[in-house]
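Chain naming follows the written order as A, B, C, D, E, F and G, and within any one chain the residues start at number 1.
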């Protein structure tokens, strides 16, 4: 069996709810629609949270990969 | 069906209103005219917002990709 | 018709007045003489503004692309 | 005998408990599931620690490589 | 006529006095001896200025390109 | 005789004690087991020092190259 | 005559005393033993200075290129 690769974990999370955290400490929650090898990421039904509080609902959002620190399937 | 890619979401937003946020916390709203794989982005009828308040109207603006954190179609 | 690309907007601004803002918040105004794919940029008759006030007149200036956040034709 | 390479140390830690520290000082502990040459890393049963205190349990987490400073097998 | 390129402006400044500013706000003045596509730059008879005051005379200095924000021929 | 290259100095330090300092000011001391062209580095019997005081013993540690400022054989 | 290139200045400084300054404001003085195109640099008989005061003597030191702002032959 091949050892698994990091993007496999993101592939499994497609169309599922994920948390994405950015270098500027912003947190977004939404449905993972797309990502690429740079970790550019698109969420649907995205919501921005600050300190655990909902700050705004955004709909679709494109996040530039180099600003992302982590992605966690919920 | 092919899994969608992040730039597909930007392609759908062409000629539509988007919000662009930068690493320095500036926010621009305008019509998405162009972007490339580096996420260099051109907006038309751009307006700069600071803390939700309109700061200035700019017309056409070129934003260097590596300064962008997110793009959200409105 | 081909979708437009970000550098097309800069090409249209050649030999015209532009505003260039840097990551360190400096702002330069001048005539756009040259740029490349890294967004290295040369202005003529350049002036540096701080908080909207003219700080110095510089003549020709070479700006390294990775320090630039935005370029706006005036 | 070939001199060992840095990723050999990560390969040995596969499916074992590791500590991962980020540039923003966050610390994650979990089971190392996957990594690539960019050091993009996936942990299972991940827990986030702040100042040595457990902050949250996360399950699976994808960490973007360029945000990581160190990985230590436990 | 070919549109001019940013490095043309630096080529014209060879063996002439230039001001170089760095991301850490240091300013160097000296004779531009050499540069490359990364904007690695060598000055001769270099002087470091802080807030417009001469801080030290250095002679020859190699400046790593990615630390440079601007180069202005004097 | 060929001029020496920077990685030659690291090669000579293999299996010897080194000090590694990071951009976040952390200092690690340990035995240099492996490094690559990105300066990704693995230490054995690693110890973390803060302001010259031993903070923790870690065993094996993988340090991502872009976080390293210097490596000094002891 | 070919225009000179930035690394020529470093080549001339081989086996001579240089000052190296880092992005974190540390200054090292020592004999330039080796460098490469990334400006990874090795000094011998290196000394670290803080605010002009000798802080420590280090012997051989490897400095990662992307942390270096300037190199000045003494």
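FYI, a residue touches a chain if its C-beta (ideal position, glycine included) is under 8 Å from a C-beta of that chain, and two chains touch if they have at least 3 such contacts.
For clarity, every value in this text was computed on a predicted model and none was experimentally measured.
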For chain D, the least number of touch steps when starting out from chain C: 3
Lowest number of touching-chain links that must be crossed from chain D to chain E: 3
Approximate Å spacing (C-alpha centroids) for the pair chain C, chain G: 33
Chain A and chain G, separation of their C-alpha mean positions in angstrom: 41
Junction residues of chain C, two or more chains touched: 23, 66
Ring path (origin chain E; first step to chain G): E, G, F, D, A, B, C
Chain E residues within the chain G interface of the complex: 11, 14, 22-24, 26, 33-36, 40-42, 46, 58-64, 66-67
Interfacial residue positions of chain D with respect to chain F in the complex: 3-10, 23, 25, 39, 65-66, 68-73
